[in-house]
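The structure that follows is given in the form of structure tokens.
Labels for the chains are A, B, C and D, by order of writing; each one numbers its residues from 1.
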Amino acid sequence: MNIKIAVIQFPGANCDLDAIHVLNNVINVKTDLVWHNHFKEEKYDGVILPGGFAFGDYLRAGIIAAHSPAIEEARIMLKDGRPVVGICNGFQVLTEAQFLPGALLQNDSLKFACKWVNLKVENNNTACTNKMNLGDVLAIPIAHGEGRYYTDKLKELEENNQIVFKYSTEEGELTEEANPNGSLENIAGVCNLEQNCVGLMPHPERASEEIISPKGTIHGQIFFKSMIEFIKRRLA
Amino acid sequence: MAPQEFEVEITLMNKPAAKDPVGATIQKDLLAKKGYDMISNVRSGQFLRIHLKAEDENEAKEIIEKMCNDLRIFNPVTQNLTILKVSKL
Amino acid sequence: MTKVDINGEKADVEMTIDEYEKVRKLLAREPNITELGMFDVMWSEHCSYKSSRPKLRIFEDAEANYDYVLAGPGQDAGVIDIGDGYALAFRIESHNHPSAIEPYHGAATGIGGIIRDILCMGVRPIALLDPLRFGTLKNNPHSQWLFKYVVKGIGDYGNCTGIPTIGGEVEFDESFESNCLVNVACIGLGTIEDFKHAPSRAYNPGDYVILMGGSTGRDGIHGVTFASRTLTEMSEEDRPAVQIGDPFTKKLIIEATLEAIKTGFVRGLKDLGGGGLTCATSELTGDGDTGGNIDLRKVFTREPGMNSYEIMLSESQERMAFIVKPEGLETVLDVFRKYEMSFAVIGRTDDSKVLKVFDGNNIVVNIPAKALSESPTFKREEKRPSYLDQLLSQKTPEPTIGLDEIIYRLIASENICSKEWIYRQYDHEVGVRSVVKCGEGDSGVLRIIGTNKFIAASTGVNSKHCFLDPFNGVKGGLVEECGNIIANGTKPMAMVNCCNFGNPEIPESFWYFSKSVDGMNEFCRTMRIPIVGGNVSFYNEDEVKKTAIKATPMIMVVGLIEGQDNIITLPFKEPGNYIFLIGETKAELGGSEYHSVIYGLEGGIPPKVEEVKIKEIWDFLFELYSNGMIKANHDVNKGGFIITIAEMCFKNKLGAELDLKNCFDDHLRDDEFLFSESYGRFIIETKPNDYDKVLKLAEKHNVNIKKIGVLNSTPKIIIKGLRTKDIYLDIQKLRENFESTIPNLMEI
Amino acid sequence: MAPQEFEVEITLMNKPAAKDPVGATIQKDLLAKKGYDMISNVRSGQFLRIHLKAEDENEAKEIIEKMCNDLRIFNPVTQNLTILKVSKL
């Protein structure tokens, strides 16, 4: 199977090359870096909106990028069930584009936070978690200033199983101390109803190689491998 | 009539449920500083001052309203948008 | 300030009458206002190094003396060849004055500036470092304000541009209260080809000159003359000299520039920093031995009605000048169009050796291209401050509180405590290169993806030591920064420095500069470390107290290592392993944290540096490394070696039992031994069965080494064998003290 | 006279001569691209709405100005503070 993935390069994206590196060299799946105005969906089996500061995050993180032509292309992919994945800034873009519910607000601390956190898997059916187990705890770093998840439809999300990751302790407890930004219910990542669109604030691409992982874990790989698995199942 | 230049001022503020950490922090700082107990509440928001050409004030206001809704200048999940003022320059 | 009269027009310039006469001689006529402004800026201290240049000449020519140095001092950044076809560029700069009055934007644009310096070497910026100085934080809202917003400014700019801040340093000391120091360093990585494609010279006549990036506004006119004066001399009008940074535009400039270089059509590149278009065009043509025609009407301005003087002197941020081959013009412009960057083709180079600037049809500047770089120099007087003798003779009082209590206080002091509050705000992982991250080791270690190579960088210097003895103090800074990267297993490759001093016109201030340069020079020559760049920031004075800042010759050292397995880390690894103290401890408590925290003393005898001894220790360590005998390593500095040991215990929750009997000289007091800041020492962890081999190798290298203890898994540090009673330290309490100081002061 | 309750609205904006990258980007990359080319300029700033007790309007203003300086909510080096409105509640 010739799977091909696109990483969108918005002006101001800065984890684009990191995602490309991990997908091409670690996961070994053919991945292109595509400038946002040049993106054409028909060539790709999945798309990743990477981290960074698209358009400087001016006005509001993700809002200007949500108006990029790349989003209209991604919408076609969303509709026909291909995976559309947003990491950090990409997650912010996906909420602003209303692919995903909720919003990401300034961290409670008012400060940018760069650190390794633990994520508890709350839904292992999505395009990016199908190779995980419910309740698994993943070590993955965050790096954001506007990552406080908020929604006025919490109940709906819970009922529809749209919460994918929650910040937890190493043991999987959902404590306040484990919540790095004040997110509602410790929510770190969500999906759409169809579960082919996933967004999360932490950076799996920074947790996919032993050499840059403080404890030698590579939990980020499972995220991308799940995505490949999802594509394979869809194409099969 | 030739279009004229207008100035519009808008604010974007978080809905109460979405919290306002900036306002809350200022208030906390005030508590720590002595002599500001007359201040009972601080709310923060974003402010935009926009210059545009329009036929008249009404049109100016309509353009801005349409733009704010169309482009989601405010996020309806978390924010309220207020047009403070439309004035001719 | 000098008043000059040009054809009946009066103007205020910074230059002296003698300098003005020199301008007239160079031009063989009166300069016009624009030309005069250009000379004024280019001959300012900041641009021309007129006070420091004569002294800096003593540095050896790194390019000539080290085969791996590709660019040395005088270039926008130092560049070294790290093998496998890769080049590493790095530089450090100050942004002190703007940050002291507008910490957020001052620091942010400091980062913006240093990124540009690296970018214009043709390579991708991959790391930032930020050595900082503030007044003490406790009970000091002003220092807290500066600290908070400097860190935020650096974070916001670095994070947005996607360049990880991999390390830094900070000291808090009263002398920096009104004049804080914000030094910023950047490291860039590219191929040697990339580097060769981007010389800062326009050496070919007929090429296009393109201005790309942000628009030109009235902001920042005279930013450099501003940096060449002390703070209170500034009037209110000078203040908008602080610029607003735009990291988003900078990020696009980085990508557009790197992509433009890849086209092969770029023949020269220069960033617009201090001196703006004046500096960029004159240096490009002057250094390239060409000339050029520039049309100011083409420059895209932010405000209407800007005159030629303003356009030539504006220091608006986020702009780059490109020299492009005629046949590649459209290809390069297409790159800029893709990124939607504004650009203007503002002129062409020629072989006239004259820089001609037009405002439409009017010629407004007509000067020899090299003239602007022919600034006069000053021979400044130097004089050793008379207060030093009294300071150096200060004695260490007898401790009146327990040694345990002293250690708990030291580890909580602002200068020793954890700096996590800072680096959590910096994205230190973007780029997926960070192997040893902030707080995990003595230096920041990055992998070079696609090779088996790693680089390390560390920055800092001890300002208290330099205040007492700049010559040894700066050497100590080099020992420490080299020590930091060596502790991680890497070999020092090159250094850059940023000299922060007071007013050079005051002989005592200039003495500090002069002695620091001497110390740096002597150490680097002896140890064979090339000095590949530097920056000088004078006029750092507290105008209210009429005192200069403590001398701060900031150092950054870059190191290289092959093979992941050869990287050494800081935390102790395993109970049962031995702890060794390497290097000799002397009664060198002058300028120590012990003196300042416990007794409020600034004086005493500061540590000295003996290069021979240092060299022996480094050689010894590398031999231990190559035998795989070191499990953990951390260099000893502020607060002495117990602090070092405590920091090594934290991560893996280990404890240590120390027996110091026979470990120190008879004539040393307990507190002198425990809290001395003698340079060049390390704490290492080894396996018990390597004991004999370690001692044998130490003997071979003539290194002073003592086994001082054993690791265990109880959360205590027990210190026996002192002359006074044993010390029991609770690691949990040490850790709380270490970690809570800055958050407690900053998060009310 | 007993102190009364006031509402004060202020903005903090970069000085006119200074750049405003936020406003410029909103205009160039959002509004202009989405067809709102009648909009010629956008400046962004921070907005604060403060409730406080004071003797009169003047005092209310003074307190707010002092507070903004004291808490370093704005820096006169790069920003202007404007009181948009003082009203009795």
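To be clear about the criterion, a residue touches a chain if its C-beta (ideal position, glycine included) is under 8 Å from a C-beta of that chain, and two chains touch if they have at least 3 such contacts.
The shown structure was predicted, so the numbers you read here are calculated from the model rather than taken from an experiment.
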item	value
Chain pair with the higher count of C-beta pairs in contact (A-D, A-B)	A-B
Inter-chain centre distance, chain A versus chain B - centres from mean C-alpha coordinates, in Å	31
Chain C and chain D: spacing of chain centres that average the CA atoms, whole Å	37
Chain B and chain D, separation of their C-alpha mean positions in angstrom	10
Shared-contact residues (touching 2 or more other chains) in chain C	246, 248-249, 340
Overlap residues in chain D, where contacts from two or more other chains coincide	21, 25-26, 29-30, 34, 44
Residues of chain A touching at least two other chains	11, 55-56, 58-59, 63, 67
Overall pattern in which the protein chains touch one another (line/ring/star/complete/other)	complete
Complex contacts: residues of chain A adjacent to chain B	59-60, 63, 66-67, 96, 102-103, 105-110, 150-152, 182
Residue ranges of chain B touching chain C (in the complex, touch as defined)	28-29, 32
Complex contacts: residues of chain A adjacent to chain D	11, 55-56, 58-59, 63-64, 67
Chain D - residues contacting chain B, complex	3, 5, 9, 11, 13, 23, 26, 30-31, 34, 36, 38-54, 63, 67, 70-71, 73, 84
Of all residues in chain C, those that touch chain B in their complex	748
